[in-house]
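Look for chain A in each of the two complexes below; its partner is chain B in the first and chain C in the second.
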Partner chain A sequence: MLIFILRRLGLMLLTAFVLTFIVFYLTNLPPNLEKLARSEGSVRMTDESVAAWIEQNGHGGSVLLRYGQWLGVVPGWTRVDDKGVPRGRCFAAGTDPTAAPRYCGILQGNWGHSTFFRGPVLPNLAEKLSATGWLMLWVMIVMIPSSLIIGVVAGMREGSRTDRVLSTFSIATTATPEYVSGVILVALLASPVTGLSPLLADWGLIEGKVLFQGAASPDRITFWSFTLPVMTIALYGIGYIARMTRASMTEVMTAQYIRTARLKGASFRQVVLKHALRNALIAPFTVIMLQFPWLLNGVVIVETLFNYKGFGWTLVQAAGNNDINLLLGCSVVAVFVVLVTQLISDIGYVFLNPRIRLS
Partner chain B sequence: MEDLTYTAILGRVIAQFLPVWIALVVTFAVSIAFKRRLGLYGKLFDSPVGMIGFGIVMFWVFTALLADHIITFDPYLQISGMKNKPMGTVLANAAEGQYSHFLFGGDHLARDVFSRMVMGAREVLKIAPAATLFAFMVGITLGLPAGYFGGRLDTGLSFLANLVLAFPVILLFYLLVTPEIRQTGIPVVLAALLFLFPIIFLTVLLNARFFTDPMKRNLYVGAVLIIGAWAYSGLAFNADPLGVWTMSPNMLNVFVSVVFVNAPTVFRIVRGIVMDLKSRDYVAAGQTRGEGPWYIMLWEILPNARGPLIVDFCLRIGYTTILLGTLGFFGLGVAPDSPDWGSTIDDGRKTLSMFPHAALVPALALMSLVLGLNLLADGLREESLRD
Partner chain C sequence: MPDWDPSQPILEIDHLSISFFTRLREIPAVMDFSCTVMAGEAMGLVGESGCGKSTVALAVMRELGKTGRITGGSIRFKGRDLTRMSDEELRHIRGSEIAMIYQEPMASLNPAMKIGAQLAEVPMIHSGMPKDEAWKLARQIVADVRLPDPDRIIHSYPHQLSGGQQQRIVIAMALMAKPALLILDEPTTALDVTVEAGIVDLVKELGEKYGTSMLFISHNLGLVLDVCDRICVMYSGEAVETGSVTEVFDKMRHPYTQALFRSIPLPGADKNARPLISIPGNFPLPHERPPGCNFGPRCDYFQKGRCDAADVPMFPVPGDDRHETRCLRWQEIDWDAPPAKRDVKERAPIGRVVLKMQDLKKYYAVSTGAFGGGARKVVKANETLSFEAHEGETLAIVGESGCGKSTFAKVLMGLETATSGSIMLFDENVQSTPIQKRNTDTVSSVQMVFQNPFDTLNPSMTVGRQIIRALEIFKYGKSDAERHQRMLELLDLVKLPRAFADRMPRQLSGGQKQRVGIARAFAGGAKVVVADEPVSALDVSVQAAVTDLLMDIQRENRTTLLFISHDLSIVRYLSDRVMVMYLGHVMEMGTTDQVFSPPYHPYTEALLSAVPIADTHVTRKRIVLEGDIPSAMNPPPGCPFQTRCRWKSQVPGGLCEREVPPVQTLAEGHQIKCHLSREVLATMEPVIRIAAE
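So, the complex of A and B:
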């Protein structure tokens, strides 16, 4: 077991290095750096001064060396510019270079300067991540119990009418990406001209013009502002996890030991709760964990749609404004989340499944 | 002339889709009449779910093909006074021969939402099935040997596939589909790499079957190589001497990224199926006869894996449609006034709470197409499990 975890960890680290290098390479392509030079320096720079700016600000030289500096395993660059002022990666222009540390990359906690936030990347990113954390917490609270219940109830009696109805619902939600369900939910529940809101307002049942808010903010988390974004992300996941749970439940319900339990006289209720459920929930655990990368997508779409200033919104802004350090920071977080959930799902699967654990 | 009621709008929309209804009725009549002779496709008409799914999918396919006869306005035409107008608004002063109403209203640039939705079907169906097919070619060509031979090859390829899968899709799109990256030529390199796989696949496929009969082999493989090289030069490098095969840089960028995202999942599915099937007796029989490994993979294992692969193909077209919509939603890689569904949803969401129809119409269209593909896949799965 220990060797298994160590091997997985090693593979994960290797993957993390390769992935961050790919992201670093793609964000630091020459055209991106030129764009950065023109937005930081001046729009009317000549090609020579753009090249000089790139060189002066430590974006020249080999990609591997720059990646090492960014990571913090290669000493940061230092240079004296044409005005005689020492400049470098690890200290601000004009301060004493000898007092600065030699290495300053993300391993040392220096995630660089964000041109979009006009400040360091790390605290800003942490703040946005906590905003997204609240959103995800509510998504999980809604998504996991409801999808498991739908899946178990549908899979309990395969082919029954309940099963048909719930399966159709699951298929319909998996066919609805977040940007579609978000638009439909807003039109139905948060628009003053269509859907339910004008009706309810006419009858005097709601005070404002709309039932739910079509925008959300991390500062004010209320039922009325959070319902739509949470439902939008959760709906897609509910369908998918419910289908997986149903498949695993139907498989378990046809197993020999379930028949034995029925034959010895246990009630259907007891069979489902005591015998089937535990075995049927092993597969959905993996699925829920592997669903995280897709939830990350949902977060980006929903935060854009509902203008919720969290991690996904930050990623879109970073990419749209060519903020290289911020985009790199977002990528590190995203890659980390994906790899850690993969690791947890692998280990959890082995841990939960006695057939694999004991062999 | 007055604005239309919702019933009148519905009636006129149904009438406007007349060519599609005719095509659908003909398709269904012919298919049901000959369903016993059509194999898996014919069996689809035994399952109600499959038939509904097939009907929805074919509705959009025919809409895309016959779009020119369905649209009521040029999808790019802006008509003054029609900005954000609700569904069924009458044109203030319609010219001679011009359609009298905006059936589904006007968008924020005073264009007809109905015509843009119809044209959007063409934009989506132009890319999604082809990109899925390419992803399958890549996934099958790499997944077969990985599953069959195992060992180092499998470890290496699986590591690469997991690497791509560990990227959150949106991040990958933001990195891969940008105007800057088009300057560096990375999409062309990726295209050159990915577009090789269909040629390799077909060459190996035909060579493995016919290498005992050099005349036939030379004819088939030669034809594949000539046509393949011709299409390859046009699609990957935009250098087709005759100008038949071309792809705009934007489109190439989108196409390549979507193939790149989909291929690793197909690879994993194929690899899993092959590892399961390679212990079967007919594989052992082939090995005893002295067949080559590629013959066994392509002509013994692959045909037996077709059931799950066809089902996944349908599901994956739906997934690709969702991915294309995501790209449009973030305004990546498509022309800003393109009528594809993702971009129109993105345009419409800015005025969503006041004028929901502009975003709602393409959103429902996209949802119905993906739902149709999912139902079709479900029907196919049910029917292919039956035998």
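So, the complex of A and C:
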């Protein structure tokens, strides 16, 4: 068990290095750096001064060396500019270079300076991540139980009317991407001029102008503000997980041991609850764990749509504003979320399935 | 059931018809089936696959799925009609009054539930027994089915038990509510013969102890003779003959029953002097049944205009006990006449040594533990295997699962390389040459016929194309036309019509597919053919034809046939020499006569006694081995068979537990790996005695 986890961790680190290097390379392509120079320095800079700015701010040299610096395994750059002020990666311009550490990369906890937030990357990113964490928590609370229930109910009598209705619902929701379902939900429930809200307001059933709010903030988590973003993300996942659960359930219901249970005289309820359920949930477990990384992507759209200042919104802003350090920070977080959930999923699977656990 | 008279039949099936409904058509699975089971009686239901015997069993349980429906007749259980019961009433009968034992024990047990919970559920459902009491009862019943250490067993999961133990659990589950009727659907088909013998004994004993009636479904006539009082032979959805076991076995009155008995290898059958007679033709598909008698087109006594005129009813055979037959001509046929067309064949002479194995060893290193870690263990799949095989000879390799016979085949084929030892094929050492590095000649001269013909043909290639593909690989012929010609000749060789070249595998029956497999194996003029259980997946009537075909090709091509099998009846029928394996060791080797008569190796003795024989004249000594086959991962010290050997006490000083026995040569070519002295071996009695006729 320990060896397995260690091996997985080693593989994870390797994957993380490869992925971050790819992102580093792509964000540090020359046109990006040029754009950075012009936005940080002056838009009217000559090509020569742009090159000089890039060189002065430590963006010159080989990409591998710069990646090493960012990571913290190669000493940070130091230079003295034409005004005689020492500059370097690990200290602010003008301070004493000897007092600063030689290495300062993400391994040392220095995630760099964000040009968008005008401050260090790490605390800003942590704050946004926790905001997204709240959103995800509610999505999970809504999505997992409802999708499992829909899947099990649909799968226990394959081909019945209940099955057809629930399957149609699940297919419809998975077939609708968030940017469509989000817009529909906003138009239907959160607009003062269209959908249900004006009607309800006319009848005096709601106090404000809208039923649900079309924008959400991590500072005020309320039912009215969170329902729409949570539902937008959850609907897609519900359909997907429900389909998986249904497939697993229908397969289990045709297994011979279910026939055994039926021929023991167990009632349909007992057959489903005692015999089928646990076996049917083994497969969807992996799917649910796979949803975590996917949620990270889903939130990009939803957070932008509902102007929720979380991780996804930050990612969009970082990309839109050419904020290299912030973008790299986001990718590191994303890579680790994906890999850690995969590890948990593998270990959890083993514990759920006695055949693997004990053999 | 308050008002039920025990002298009345417990189960009375009357003119039952069952159909399956598909989108296309109604497929009748069972027609006009009647049978009666009295209290305490064991009824055997015999027939080939697809004859509807399992459908009858499931109909009694009213478990026909969504597509199956009872279209006529009645099933009366203790006087009440099961076909008209509501689901709720049925639920009370299932598991408490009628219980079922299934073919595949592993699939029939819930993998995620502990054994105890699955057993305890039965009384909890039916008599509302409290949980702890139910668990206590479960523990007691587990002990009743003679499983060791019941406390550990009820707290384990199904996958932690062996196949034999799982089947005992399924039996225990059926007995939890002391049912009046037990339905056994091929309960031992998935098990090894020595384990099967234990299960059969247990079933018989429990049947007597609790007075349970049984409906025993099997394709194995020998097993039915062992277990049942009455028998019902089914063919293509109909009962063709029914009666007491002895009457049907000795005084059969239906041509199908007769043909069935003539196609199974009984003691006395011989591939040269008294070859088996296979039933010509194929089993009719349910929607292509002929008019009149279903067996008509395959019957030797068929009369046009009479047998195919109208449906044939059951005729009682006067003088016998409820003996009935579905044959119009049963009074006209001379049932004692010897079979007409039995062509005696020349015994093929045995030639030079083709294959020689010397001290072959094959070890596997495996790791235990759920995540690939854990301790590394060595599995000794083959241990010092030495033998020679001659041209034109059939060498049978016999043993139960895990004895290393398949590993041996893989090493010979080059799919695995041996750990040590040598394999000489025509004076060429192929021991450490994997199949990728062997030259075309070697590959084409050693070929294999596989066990399961259903999986070994590519489903998307025509039969002819597959054979031509083999010819291409063997670099046979110069042009496509030449290979095509050779392919047609190969189809002739395996007695398939040439038109089959354009058919897809799914259009073929099991026996026909196996013939294609044989054609492919012989495509490159194979000199050594390894047949790994080539007929065990086929029906009895087809088995005879396929074995005969193999023998004919062998006679013609002077091929060396290594016949791997667990079925001793067929081994005795067709092999020249026999090698008995157990846990990777060769326990006994000799000519067929030497191995099948005393002195035996104790394991051979047990194996012979475990095989059911469908002949009322044969008496067998019952030797039931205790326990299961030890795991090859953890073999016992000393003699591998010592844990189950009944002769162990005859060897002084606990030698069996300490040392692997030496190989003794008893007679010319008869070797045996045992510590027993020659004097003790000489006292052994024959296991099988054939009563004088």
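One rule holds for everything that comes next: the second predicted complex is superposed on the first by the 359 of 359 C-alpha atoms of A that agree within 3 Å, B and C clash if a C-alpha of one lies under 4 Å from a C-alpha of the other, contacts with A are read in each partner's own complex, and residues count from 1 in each chain.
The criterion applied here is as follows: a residue touches a chain if its C-beta (ideal position, glycine included) is under 8 Å from a C-beta of that chain, and two chains touch if they have at least 3 such contacts.
Since the structure is predicted, the reported quantities are computational estimates derived from the model, not experimental observations.
Enquirer: Determine, under the contact definition given at the top, whether A:H275 touches first (chain B), second (chain C), both, or neither.
Expert: It touches chain C, and chain B stays clear.
Enquirer: Under the stated touch criterion, name the partner, chain B or chain C, that contacts more residues in chain A.
Expert: B
Enquirer: Please indicate which partner A:L305 is in contact with in the superposed arrangement: first for chain B, second for chain C, both, or neither.
Expert: First partner only, chain B.
Enquirer: Help me check something: in the complex, which residues belonging to chain A touch chain B?
Expert: 11, 15, 18-19, 23, 26-27, 29-32, 35, 171-172, 174-177, 179-180, 183-184, 186-187, 190-195, 210, 214, 293-294, 296-297, 300-301, 304-305, 315-316, 319, 327, 330-331, 334-335, 338-339, 342
Enquirer: Give the list of chain B residues in touch with chain A in this complex.
Expert: Residue list for chain B touching chain A: 159, 162-163, 165-171, 174-176, 178, 180-181, 183-184, 186, 318, 322, 325-326, 329-330, 342, 345-346, 348-349, 352-357, 359-360, 363-364, 366-367, 370-371, 373-375, 378.
Enquirer: Once bound in the complex, which stretches of chain C touch chain A?
Expert: Where chain C meets chain A, its residues are 61, 63, 66, 91-96, 99-100, 102, 104, 107-113, 121-122, 125-126, 157, 159-160, 170, 173, 369-373.
Enquirer: Could you pull out which chain A residues touch chain C in their complex?
Expert: Contact set of chain A toward chain C: 1-5, 159, 255-257, 259-267, 270, 274-275, 278-279, 282, 350, 353-359.
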